[in-house]
Structures are given as structure tokens and as C-alpha cells.
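Order of writing sets the chain letters: A, B, C and D. Residues in each chain are counted from 1.
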Amino acid sequence: MRRVTVIETVERENNNTITVRFRDDLCVMPGQFYMVWFPPINEIPLSVSYNGKLKGVTVKGIGKSTKKIVEGAVGDVISLDGPYGNYFKPYGNKILAIAGGVGIASIILAIESFHSMGLDITTIIGAKKYDELIFMERANISSDTFIVTTDDGSYGEKGFTVNIAEKLIAEKKFDSIITCGPEIMMKKIVDISLKSNIKVYASIERIMKCAIGICDSCVFGAYHICMDGPIFTGEQLKDIPDFGKWKHGFSGEKIKL
Amino acid sequence: MIKLSVEVASLTLRNPLMLASGVLDESYESMKKIWNSGAGAVITKSIGKTARAGYPNPVVVNEDGYLINAMGLPNPGIDDFINIIEKLNNEKIKVITSIFAENGDDFSYLAKKAEQYSTAIELNLSCPHAKGLGAEIGSNADNVYDIVKSVKSSVKIPVWAKLTPNIADVSEIGIAAEEGGADAVVAINTVRAMAIDIKIKKPVLSNRYGGMSGKAIKPVGIAAVYKLYESVKIPVIGVGGIESFEDVVEYMMAGACSVEIGTAIARFGVNLFNKILTELQIYMKENEYDSPREMVGVAHING
Amino acid sequence: MIKLSVEVASLTLRNPLMLASGVLDESYESMKKIWNSGAGAVITKSIGKTARAGYPNPVVVNEDGYLINAMGLPNPGIDDFINIIEKLNNEKIKVITSIFAENGDDFSYLAKKAEQYSTAIELNLSCPHAKGLGAEIGSNADNVYDIVKSVKSSVKIPVWAKLTPNIADVSEIGIAAEEGGADAVVAINTVRAMAIDIKIKKPVLSNRYGGMSGKAIKPVGIAAVYKLYESVKIPVIGVGGIESFEDVVEYMMAGACSVEIGTAIARFGVNLFNKILTELQIYMKENEYDSPREMVGVAHING
Amino acid sequence: MRRVTVIETVERENNNTITVRFRDDLCVMPGQFYMVWFPPINEIPLSVSYNGKLKGVTVKGIGKSTKKIVEGAVGDVISLDGPYGNYFKPYGNKILAIAGGVGIASIILAIESFHSMGLDITTIIGAKKYDELIFMERANISSDTFIVTTDDGSYGEKGFTVNIAEKLIAEKKFDSIITCGPEIMMKKIVDISLKSNIKVYASIERIMKCAIGICDSCVFGAYHICMDGPIFTGEQLKDIPDFGKWKHGFSGEKIKL
């Protein structure tokens, strides 16, 4: 049921990302998303990045609407639909979480929730440069091991999350991996996990229009992100030829990733 | 012995349930999935000459009992889409290609392109929310006659005309389609509708107007099919609000020789085809129908 | 200070909620009861020249979310009915007499008879299930123009034209009514519909076709009112599926200056008027509207 | 919700009245009615005359459809809507039930139910002549005192129920009275009861079309039979000028009773 709620706070995470907080009483699980309409701007899918009474979504300005949202061209109210989608469930006791860029917004609640269950969490957060890192403190507090990487070395270790992850996976015995970030990154992580025989869960993005499994815009192999995702297992992903290679545009046309 | 297969004019379908145009039918994977879940045919998203992105979000309003949508006919254009129907066709999946255009020439152009890989062509003369397309041209009997005639003279496969309920008398348009040479008429497309959010103080859909589908429009579809069955001699295909085998039977008794299912898939998943087919078979056994054909139009005998 | 009164062209009503034609308004007692429960005006059952018994039962199909009816315009005829509106009028109850007929002369005849005891006349140009009446004449713009013009030249009280949603473009008919001199347009009447009982194997309603009302048709009504608001300059009155104060606000934001309520009375009882008025006042206070007028058409500013 | 059910049995009560039995699982209270559609004949309101799993309605042939129904021109199935309406509740311990003609069909369940509650029931059944008496045995079994009247004296006491009732009311101290029958009869009984200060409940008939309070055909003073009835109290009835005098026809026209 679409409902309208008042924006309570808008926090700037960095110069291209904001977090919008609002009341919503529905129960949300880590990894689920809302369809959020920011009139007069579009409605877009956004992961829930803050849970509890005062929920939150975190938006990175990457295109037409998200840039306007980050610039603050939003009204006093937003419309919410959802929460939609499946969610991250902990598999085993020793879990590795890998986030690229704003992907941390989609897995931060899982990290916090797994941590509060007493599980052993290792978190790797990566970004191009220091400015783009967000949720560092939240992730740090809830992780037993916490690693930051930047492509340019402006903070933490220089390099890519994937390389760090590969090393850690070889060294430690993780029971499972959760990840969200650029699909190319996730593809590599899924490949490594499958090779190492570790359960892996990745949160996938495609264009969402209806969010109720009717419009086919979010088709992903024989699945739909809105009905079967956004979280997919390594076993599912290895059979989806599109994964890491193709997505669909607004007209349904295939686009190389 | 119960046989579920039905004839729609010269075509034979393995059962009377088809996927309605616009619902999970823009991709190869989805249509294949729905065929595998039991549909007698899949009707594609309506395809135009060139790619269209559709309207910005929000594009749906989902309420108890009905859905309102204004997708805006997003589609990759016929040249791109051909690859999808070719693949489906190669796998012996019965694909009915739905097309939309502004005039008879463009409709014919699209139909000819799709012909090779399609079991039939469905003409979208009824989308209620696209400027210069769909219902805007499909509510004029002369237009409908011209378009159908033009397409019929261009392709050899069956041509179905999909009609709008947003009209004073659906039979007038049905007769125009029949006279133009249509092999079947399909009723109904969505009912023109709008929802306004009183907190946001504007229409919810970015296109403002949309089309209503789902449970709530079933009686509108039944009335249209019943009327058409008495007005035309070509087969009538029923669509609108079907969610159960009872709904299928109701449409058939009203006069539909087969039906299409759309919105219900969002509520019940693609396995709905399977479920309805199973229940339909049980129903037919209990009521001593050997073929769906025997149910077609029976409400007219007593009505 | 919040004032609930509204103006509909030259008329002032104490609040924007009216009883829709055909619902508990064939008797003096029922209309009085509804006036007493808070309605700003009561619109009578549509009245014709002579008594009509209506169709045999079943006359309604009552489903979750919608009602389908084919009463068949039962009414005691204008000469008998005059006694009822006279009594109501004597008690200062605002009565709007709804009338139906086959042509402009008969409409005028009825309007003249009712004029003395009526606050306004509502022309039923939209009943979807009566041969030669209602929507059958009301879907033709020329007819509508002629009828309205004829009635306007016969009476001095305001004349409202009630329109059908079973039409390709409601604004075409709205404009015809406006050009004919109508003081307001009312949208919508019921949506043509049918239900078939699959066990009985025939249409449920004795008339087969009926009209759908209730919750499910609200989006159809909103779309019509929104369209009319952009097409005509005379006031638009909204009707169709109103059950709550939110629905009233939605219609007003779409462009209705006042509204009519029908089917919801069967679900919520006559006290619905009272309840909605109370909630509407609270809503207006919270949203700083001093008069319902301030809500009218606001969805167009942002839309 | 309208539903279709198979006719299980048709019993002839007399040459102008039949009882139709069918399964219906809904709970029905004494005095409630169904809208029963006998395709290809009309739908009409009928009181429930048998309760339990195999419910029943009892139809007297008085007009277009009822005559056809009694002649047996009904199919194998009927459609039911309801049960509608309010119902008879026992007031006090000593109750008088008065039925005229087929009116017994509307109060027989109340008589049986009050009797099974251990209340003291006096029943008067009246008809024009012996042939028209129905449910005598059922009423007798469930009544502490049982009296039959016929206008022509062909069975029981000769005369009208009203006269017997008036005498009994003067003699015994009834706590309440329930009645169903010709409206003229009920009017007299209500007048007597009001004068004697005894609670009275009468089941009223008017033309039913919608049965859901929308069509106004069953208007009865400021009430509607389908929503506020069919059972009305003496206090309500004394303020309804139409009671015993006027009804409405199919066009809404007033008709003298």
C-alpha cells in the first residue's frame, strides 16, 4: 500500500549522497527496499538503510532523479511503497560482508543485525576515494574485523575490495558472504565464492517500474528482482547468463554492463 | 475424455488460457517461463516501430481489487524485439505478437516484420493512456476497419483486434473489425482511470491517466464479451479481471472461446496458469464438459 | 473559521455532500431521513412521465468492492411523485429532481412539472441499462446539446447534466452539455457491467446488463471529473465510489465542487453523511482549508 | 454473498403451499429471511422455515412467481442471498405467538427455539379454512398451549385469531407477543398489545428488490424492512402511519392495504 510520510531529517553523507529519514511503522528486514516517490521527482527503488521507527534511505546522485534528490529538490513529504523483496538471512557463524560504493546502504542493516545476533562479522567497504566512503562508523562498530579500501589509496588500503576479499577468503574460513556494489565487483566475488565453495548472497539491481512482478522491466534471467530478489544466491547467479554482463534499459533493450 | 484444446478461428491452442499483452512479456525469459507454466499462448508486450522508454515512475497504483497502470508502451522497437520472438518461435512456443501504431500502414509494417515468428498478430486498438495510439484510434469504427483491412492484406497469419471498453457501444467497433477481416476480437483492454494522492495533491501516475485492470473490471469485460458474442460471428477472446477457473468459465459462458490473463499474475504468480488448468479440468469433469468449446456462450441460451 | 457550504453555479448548498440519484430516494421518508443525517441536498430517483415497475428481481449483484444494478428506473411517474417533492420542499429540504425521458420535449415536460418544488433538475443522460433512455441517448453529443437546450429554455432553475462514463471521451459530451446551457455537469453514472452465475449458467440480473457502482469505479469517476474540469467552465459534480472523506477530497482535488454518494449508503448506512462531514471538517482544519472551494482542482496545479 | 445450492426435497404443505429444502451452512436466526432466486423465475424474499443443515423455505402461491414456484416450475438449483434481517428474541417467560396463514412460516422457528429454551409458549394459528393450515404438528409439539382457528370453522375454533388472542391476553399475563400474518391482523394485535402494555413484535412485509438498503422499495415509515426489519416492535409500529394502511407497489406508488 502506497502511503505518504513526512521527511523528518535529511543528512548529507558526502557531497553526492544523502540519507533521508522518515517515520514508517511497517517491519522491514535487512536488504529489503522501498519504492520511494519524491514528488515532483520520480519514484525509485531504494534499500532501507535505517530501521526502527525512524527509517531511512540513502541516495547517491547518479542520474536524472537521484541527482535532483541529492541536490535537495524534494518536497516535505515522500510516498513509500513496500517494503519489497527478500532479505539477508545469516548462514553460519562467520560472515564476510563486502560493499562497494553506495552498496553499503543495502547491507549495513544486515551487518548490524548479524552482529547483534553474536555472529563474527568481517566487513570490507570500498570506494573510489575517501570522499565517497559512507557509513564507516556504523560498519566499524558492528564488525569484528573492519577493512576499508579506496581505489586511489586516499583512505584505508589502496586497491579493490575484490582483491582484499580474495585474500581473506583464502586465509580465513567464512561460512558465508554477503555483498552489494557494482555488478562487475559482485560477479568476481560470486565467482571466487563458488570456487571456494562458500555460500554467497548478492543484492542485484535492475530497473524497477511496477515492483509487483507485472511489467517485466526488472527481468533477470528467469527471475524478477522485485519478486525473486533483490538478493540472489551464488547457485542462482551462476545460471544467469546476464549476471555481470547485461542489463535492460527502460525500453527493455539489452545494455552491456 | 476431457480435451482442453481450443480453436480460435483457424488456430488451435493447447488450452484456452493466454498471457495478456503487457504483463511479463517483454523478455524471452519471462515468456518462456509463462509458456512453461502452462499458458496456451503468450501475447507479447505491444511493440512499436522504434524503442520507447515508457512513462517515468510511478507507473502503477496497486489497490485491493484493482490495479491502475500507465506504463506508456515501453518496448525496444520491432527490430530489436524480433530476436526475442524468433527464439521463442524456434522453441515451438506459440507467440502472438501485439503491436501498436498510429495508422494502418505502420500497423502493417509491424505485422509484416513479426509475421515469420508469430502465431498471430494482436492489434492494440485500445490502450487508454497513449496519445494518438490505442483507444484514441480504436474508438473510431472507420479507423478500426481501415487498420484491420490494411493489416489483413499484408499478412497471412490470423489478426486479432483488441478492443477498448471506453466506448458507448463495443459491438460497433467489433463489427468494424469483423468487416475489416479480423479473425477474432479481444475484449477488453483496461478501463480509463485515475488516482489522486490527497497528501501529495496530484495524480499518482506520472502520466496522470491510466488504465484499470484486475478483479474490479471483470463485470465490464463480461458485458463486452456477451455483447460481442451477439454482434459478431468471429471468435471473441475474453480478458479482464480473470483470477480463477470460475472467472474463465464465466467468460466462456458469456461467449469467449479463450481468455487472456494479466494482472492476476502479479497477485498469484505465474503458476496461476497451472493452477487454473488443473481446476478447470476438474470442473469440466464434474460438469460433464468434454471440451471448453461446449461452454462457449451457454449463458445466451438461458439469458 | 471553516465553512462547509459550497456554491454550484448559482446555488448554495450547506455542504458538498449530496445523495446520488437512485439510492433511497423514491420516498418522502427516506429523503427526509438522509437530509436530516446531513446531506447538503437530496437528488431524487430518476422520474419519468408515467409509472414504471422496473425490472424483475434479481436487480442487484453485490460483491466485495462493487455493486451491479439494473433496477430499470422504477418510479411512480411525475404526477404522483410531485406530492413527495412538494412535501420535502415545504420543509425547506433541498431537493434536486432527477428526470429521464426519450427526448428533449419529454425532458422539458418533466422539468416544468418538477420546477416549482425543486432546487435544480438533474438530467439522467447516463443510465446504462434502459432501452432508448439514459446512456443510449446521452452518448451522443448532439442529443445532449438538444436536450439540455430544450430543458434550459423551459425552466428557470439550474439544470445539471449527468454523464455516462461509457464513452470514448467524456469531455465531448460535457462540452455539448455546457454549450446547451447546462449549469453543471455530473460525472459519473454507473459503468456498464454484467455478472453471469456459472452454476445457473445465465446472467444474474433479469435485465442481463447492469451498471457498476461503488468503490471499484472511483478511479473511473476521478478520471472523468479531472478531464471535465479541464474541458468545461461550468462546475463539475463528482460521483462514483465515494465512501470516506478522503474520497470526497480526492474528487474535489480532481475538480469537483461538490459530490454525490450512492452505493456507500448500503454499506455504511445513512449516517455516513454525518460521519464524512465531521471528518471533513477535521481534515480541513488540519490542512488549513477554510472552505471546500479551496480544494477544488488543486491536483491540476501540480498535475 | 449470493450462492447456488441444490434443491434436496420439495414437500407439499397443502395445494397452494410448498416447502423447499436445501443445504446451506450459514447460521440463521428465527425470523430472518433469504432472497431466493428460482431460475428461470424471479428472486423473492422468503422466511427461513427450517433451520439446521438442511434449511427450508415455505412458499405460498399468491402471485406471478409464487404460483409458478408452487406449481413446481423450478429448476434443480436455487440461488440464496442472506440471511437478511433482524430476528425474534424472547422477551419474558410467557410468550404468545399468533400466526395468520403462511405467516406461521416466519415464526415457527421462533416458537421452536423459545420452547427449547424452556419458555411458556401459547400459539394461535389461524387460516381461512382447514386446507390452508400448515405446520400444525410442529407448532403443537413446541407449544404449551396450542389453538387453531379457521374462518369457516372447518377445523379448530371458528373465527379469527385476533378474537381468540384478545380473550387470552385479557385472561393470562403474557410477557410478550410475536406475530406474523396479514397486516390488518397484525395491526389489530399490535393495538391490543399496546393498550394492554405488552411487548409485541411483528414481522412486516414490503416489496423487496435489493435487500441491502439501497433501492427504497421496502420503505416503511422512516425504516426499511431489509435493514431495520422485518421485525418491528409495537413502539416502532405505533409511529408508522403506513402500518396497517398503506404499502408501496413496484413503481413506488402508494397502495391501500
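Just so it is clear, a residue touches a chain if its C-beta (ideal position, glycine included) is under 8 Å from a C-beta of that chain, and two chains touch if they have at least 3 such contacts.
Since the model is a prediction, treat every value here as computed from it, not as a measurement.
Fewest steps needed to get from subunit B to subunit D, stepping only to touching chains, is 2. Note: centroid distance subunit B to subunit C, computed from Cα atoms, is 33 Å.
With centres taken as mean Cα positions, subunit D sits 68 Å from subunit A. Mean C-alpha position of subunit A lies 37 Å from that of subunit B.
Averaging C-alpha coordinates per chain places the centre of subunit A 51 Å away from that of subunit C. In subunit A, the residues touching two or more other chains are 39-40. Residues of subunit B in contact with at least two other chains: 61, 200, 202, 302.
Taken as a graph of touching chains, this assembly is arranged as a line, each chain contacting the next along an open chain of partners. Applying the touch definition to all chain combinations yields A-B, B-C, C-D.
In the complex of the two chains, the subunit D residues touching subunit C come out as 1-2, 4, 35, 37, 39-40, 42-44, 75, 77, 79, 81, 208-217, 219, 221-222, 224, 227, 248-253. The part of subunit B that touches subunit C in the complex is made up of residues 61, 64-66, 68, 135, 139-140, 164, 166-169, 191-196, 198, 200-203, 208-210, 212, 215-217, 219-220, 222-223, 226-227, 246, 249-250, 253-254, 298-299, 301-303.
Across the interface of their complex, subunit D is touched by residues 22-27, 29-30, 32-33, 45, 51-54, 56-62, 67, 69, 71, 74-77, 80-81, 197, 199-200, 202, 204, 206, 262-263, 265-266, 269 of subunit C.
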